[in-house]
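Before I ask anything, let me first share the structure, which is written out below as structure tokens.
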Amino acid sequence: MDYVYGPGRNHLFVPGPVNIPEPVIRAMNRNNEDYRSPAIPAMTKTLLEDVKKIFKTTTGTPFMIPTTGTGAWESALTNTLSPGDRIVSFLIGQFSLLWIDQQQRLKFNVDVVESDWGQGANLDILAEKLAADHTHTIKAICIVHNETATGVTNNLSRVRKLLDHYGHPALLLVDGVSSICALDFRMDEWGVDVALTGSQKALSLPTGIGLVCASAKALEASKSAKSVRVFFDWNDYLKFYKLGTFWPYTPSIQLLYGLRAALDLIFEEGLDNVISRHSRLGKATRLAVEAWGLKNCTQKEEWFSDTVTAVLVPPYIDSTEIVRSAWKRYNLSLGLGLNKVAGKVFRIGHLGNLNELQLLGCLAGVEMILKDVGYPVKLGSGVAAACAYLQNNIPMIPSRI
Amino acid sequence: MDYVYGPGRNHLFVPGPVNIPEPVIRAMNRNNEDYRSPAIPAMTKTLLEDVKKIFKTTTGTPFMIPTTGTGAWESALTNTLSPGDRIVSFLIGQFSLLWIDQQQRLKFNVDVVESDWGQGANLDILAEKLAADHTHTIKAICIVHNETATGVTNNLSRVRKLLDHYGHPALLLVDGVSSICALDFRMDEWGVDVALTGSQKALSLPTGIGLVCASAKALEASKSAKSVRVFFDWNDYLKFYKLGTFWPYTPSIQLLYGLRAALDLIFEEGLDNVISRHSRLGKATRLAVEAWGLKNCTQKEEWFSDTVTAVLVPPYIDSTEIVRSAWKRYNLSLGLGLNKVAGKVFRIGHLGNLNELQLLGCLAGVEMILKDVGYPVKLGSGVAAACAYLQNNIPMIPSRI
Amino acid sequence: MDYVYGPGRNHLFVPGPVNIPEPVIRAMNRNNEDYRSPAIPAMTKTLLEDVKKIFKTTTGTPFMIPTTGTGAWESALTNTLSPGDRIVSFLIGQFSLLWIDQQQRLKFNVDVVESDWGQGANLDILAEKLAADHTHTIKAICIVHNETATGVTNNLSRVRKLLDHYGHPALLLVDGVSSICALDFRMDEWGVDVALTGSQKALSLPTGIGLVCASAKALEASKSAKSVRVFFDWNDYLKFYKLGTFWPYTPSIQLLYGLRAALDLIFEEGLDNVISRHSRLGKATRLAVEAWGLKNCTQKEEWFSDTVTAVLVPPYIDSTEIVRSAWKRYNLSLGLGLNKVAGKVFRIGHLGNLNELQLLGCLAGVEMILKDVGYPVKLGSGVAAACAYLQNNIPMIPSRI
Amino acid sequence: MDYVYGPGRNHLFVPGPVNIPEPVIRAMNRNNEDYRSPAIPAMTKTLLEDVKKIFKTTTGTPFMIPTTGTGAWESALTNTLSPGDRIVSFLIGQFSLLWIDQQQRLKFNVDVVESDWGQGANLDILAEKLAADHTHTIKAICIVHNETATGVTNNLSRVRKLLDHYGHPALLLVDGVSSICALDFRMDEWGVDVALTGSQKALSLPTGIGLVCASAKALEASKSAKSVRVFFDWNDYLKFYKLGTFWPYTPSIQLLYGLRAALDLIFEEGLDNVISRHSRLGKATRLAVEAWGLKNCTQKEEWFSDTVTAVLVPPYIDSTEIVRSAWKRYNLSLGLGLNKVAGKVFRIGHLGNLNELQLLGCLAGVEMILKDVGYPVKLGSGVAAACAYLQNNIPMIPSRI
């Protein structure tokens, strides 16, 4: 039943889908249930309350849609905008590119602000556009919090400040797919109108729930948004929320129980501790990359991502070979370079339910692979650099003190 | 972790989500994997080939979309039709009603043919409409194969014959949600252009895959269909099919392995034997209903459904009370009456991976509940009627002879 | 991976191993752990406390030995007795026979009191023996609480009364394999010195833990008992109990978590409610047997067992054929007749985590099988009789009211 | 349900119970079954055949006893020997000590040959004893193949040669608990009479099966062995082998399916490849220890163990602190020093279903812990040494080439 079995654990370091904790796998190990019985609504109610916490919102309205991140994007856009609406959108890597492609196909008027892959969103241009937009033709700003293809984290707080500075009413729509529940994300404080993520990312579940959270302003906008939508229509959910049955169509029973378990683990660890752990793993990875003498695809420290690191390889090496070798020889799954950076970078995902020793095993593996493909790495160098930092910073496990 | 635990097995007799076989639960009991590694495409390829078999098509193109039945509907419609297109659609119960609602909200011009709930689609009216439609304004016929709310199975073969008789080019779009893999369904033979089902129905998986299969004619139609679509766009899938990587966005690893196991079980039993088993269970249920002196919501034998039986209760009984009591006292999950038949019918789902003794336990439970709510049933009568039929018709389990 | 797959659930009605509840299967779905870490002793401590509750003892000392019921027997005997010691032991069926065989092979002087298979232990003879034993040559009374082969429950309270009446100091060793946690069992009240059961019986776990509970008097006896023992030696456990590490050798991590979950479910339902449920299922089964016109192997009502019913078949039927047909045609697992009653009885186990509708499915199946093998049963008759009783006696599920 | 949850995977590096592969966890995720149905004997038959392969015997008779290693020891001894029989037994660490304790309590006349902990069995003394034993008073040689407490592997081939050289008929009883299925073990070639292991060791299952394999000579010896035994009696098994039902008492259904899956994985990898993998992991661990400037508890290279490495710490460090810190801060489970070497060594288990990157994560963790406890380790040094060796020696994963 495994198509290509290898001994020992698979070391899963793609930036999603990520490792599922054992307690979550256990919670999902169950038969179907009638979702119209009182049991599922009772649980759903707790989920909706708790999902708000990971978005850091008290005023937002969450939707748990049986879809992927791509569907969550579509839900965010079609519920708040009308065809022809002007959107400012930032192209900084493969996933922002795909979102922009979707925006265009959904018939919005997309004002693309492009950066080099490896740079963050150009917020100076955003400032200019906002300044110039006296008539408020811009209906929404679409931005990925963390570009998974290049390991770039954008400064959302500054986006909010710019909007406020110019008193601009545009909606702020944020792709938090590889950030929410791993990076510091503050929906209410940053005035995000729609934020979204996928269950298979930092929540450490299987793929299958697109989590979308809408501000009051976004809900208001949905009343007049003319984009055609049915499956992704928030209104169908809101109707069932009022009835207390919650589901306009059949949810995955297993994923609901899985989400319940995943949230329980996150709250047991503490959301801020989860974020600190990601910060630790990100920093350790970057120290290793530096020790190897390799460059981070991310061009400035301010954009460094704590959930994924895209590593640039020297021109004489094909990064695809690294990913292939990792899987074929070491049972290690790394992320490919995508599109513009194909062959040029490989990616180490360090998000989700992951600890330091897992990462160190991965880093040791990367060192051997680098040697395999002819890069003159000093074996142990990256691990040593990471360990030197980690040994001073890993906290005790609270439940074990 | 169970919100409302009761001793023993839950007896799950809603018409979806249905019981998952243990081998399928086992197959899904796994960590995530990198879906871009060679393993997942290798498995996906076998799935796409095998999914065609359950649609009984050799020429169709299947799509396994991370969505529910509602999403599968949307995929069928938006890929083949343009806003304003005229559709003939049959309203015979809650699920056809919901599909029609979707069709209208997607801006099609829906020509609704309504029947009493409990009757099948009025194909005489279809004949009239086709006869009258010399200019071929009808672009598609939308029909549910099996209306889950009333337990009515429509005669698809006759729909095809009518289309052929009038030489009408309309697309034939079929909701096979509660039929495919349980009832006799023949995509190629009946010239169905788009057929669809959901993983949580006869395939006996969790919710999460909308399986959609398109004929060559449907694929051709998708090239000019102007409905806006991105997440549900077949074209994105086709692009990745060509690349051999298969997935435009992240699938659920667990559901893929689950589907692999589910198909293996179905083929081990034999698809035709699976269908015979459903026919046996449907017949047995109807014999029990008759023995109880109750009426089937389905008004004529030609429409009797082998996957769900909606049972009419006398006016002095609220069928909702039956469903509630089943769950609260007997750990039995029955289907509610929906919308027009709320309070008037309760439903026994008999689809998916289910055997005769499971059904008999359910029927015995229903007898006790009927007595609980004041209906003068003769205890044992339904079970006796069902057993008399089953005892003569259950085959030996092939692997155990 | 299933050697002989059949569609739907297997209906497991052998009197052990019994159905495992889903939450328990989930709890065991885990990797190994270091049993010397602080986690396992912490859990073990709660288990030992809670296991005492199912024996209804506050003063006993429990042992959770990685073995089967056969090993638990050996543990009970070798820790309390010396070779040559006189034991009074009751032979009333296959399992008491096997225990007696073990007693003899362990070199005890076994004074066997035999009854017809289908009768309980002859306590009148016990009374005589106790009366005659002025010098207290009898060191122990060995008795099964419930003989699984014939469905006979012995009156332990009367055994205690006899011992007390004669002021006899013999140890009272009780096989509670198919009783404890299902029948009314009171270790302290009845002055039982060693009681034992297996995890795969009423606790509804996999095989693998022999649960043995020793009174203070039994522990005292163990100090002078000369039977050679190492693996089964209580003293090794007691040593590690004192250290707080609890395990003299490696336990099954999975079974410990499973036992934790199993006990949680039992306490959630309430042990007395669990016992009432068994009483209900036993009674319902006997009513069905009566309605079929068949005889219970158990000859008097006072011995009727609420965990297993052995059904006598007419001489012209081979009961083995019934069991075979059940499995081959109906995916139903019934118990064979063993040894003296082979071919003459089949057994319906109704113990463990089981509810009424499961049992009714089984009873309906048995009716069809009886017809298959040529017995002129009135189909529905047994189910009707059982339902008539159950419908008046099944309580609401407390968590669902 | 986890008593002391920590984020990420637990890194399990105790020398048993070891990591269970996901496919094996999956295979065990199931309900109970009737073990008297034809299915379980059919599977058992394949297991008995395949278990012989991991012992490298074609003539031996295997027993899969529901017990632990301690029980397997008892089975080996009591089936082949009589009280008072002279045994030569080697005391070289905690587990050989415990076995000797058992031998003494089972009333054998144990001739103990003691070595320093860290040395192998003193075979020179064995030679002397054999040479002197003209009357063949020595009935058995008992020896651990691999002493788990000190990481010492004994030379079994030399033991056989000595026996042959002196034409001595003593039985050769081998504890292969931490060797079989991981180290090179050859039952037939080395003339081993009883070999045994536990399921939770190299087979990578939960605890619960004691696997014992008896040579024809051992079976012959069992006919006259006078040790009292019932639960562990081979004869009961042999009786049921002949009947084709295989089980004298209830086995764990889950462990049987688990063993089936475990053997399938081992044969897919190839037993010799499994052994090579262990050799690789052992060598890598020793290179790391050397790089850290620490000593192996094992005093000579000829005794180095490829399944467990006991590392001596400097006198100013308490090795218990290392194990505690590993668990409390790094979610890493290491083995404690036991008895004579308590506080002086910690152990790294590297057996079972484990790959190189898992080990490297552990080694990186150990480096940080060493620093935590004040040992001046050069971070990265051990990992570098291990990687330098591994990078040249890890083969491609055959299924992925």
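Each chain carries a letter (A, B, C and D) given by its place in the written order, and its residues are counted from 1.
In the analysis below, a residue touches a chain if its C-beta (ideal position, glycine included) is under 8 Å from a C-beta of that chain, and two chains touch if they have at least 3 such contacts.
To keep track of the chains, here are their UniProt names: A, B, C, D = alanine--glyoxylate transaminase.
Fair warning: this is a prediction, and the values are worked out from it, not measured in the lab.
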item: Most distant chain from chain D, judged by the mean position of its C-alpha atoms; value: B
item: Interface residue overlap between copies chain A and chain C, same or different (over half shared); value: same
item: Geometric centre distance via CA averages, chain B-chain A, whole Å; value: 34
item: Chain centre separation in whole Å, for chain D relative to chain B (CA means); value: 53
item: Separation of mean Cα positions, chain C and chain B [Å, integer]; value: 44
item: Multi-chain contact sites of chain D, meaning residues that touch two or more partners; value: 1-2, 4, 19, 22, 25-27, 29-31, 38, 327, 400
item: Chain C residues touching chain B - in the complex, by the definition given at the top; value: 1-2, 4-9, 11, 19, 21-23, 26, 29, 265, 268-269, 274, 277, 327-332, 353-365, 367-368, 371-372, 378-381, 383-388, 390-391, 394-397, 399-401
item: Of all residues in chain A, those that touch chain B in their complex; value: 1-4, 10, 12, 14, 16-20, 25, 27-40, 42-43, 66-71, 74, 83, 102, 105-107, 198, 200, 206-208, 227-233, 248-255, 257, 260-261, 327, 333, 336
item: Of chain A, residues touching chain C in the complex; value: 22, 25-27, 29-31, 38, 400
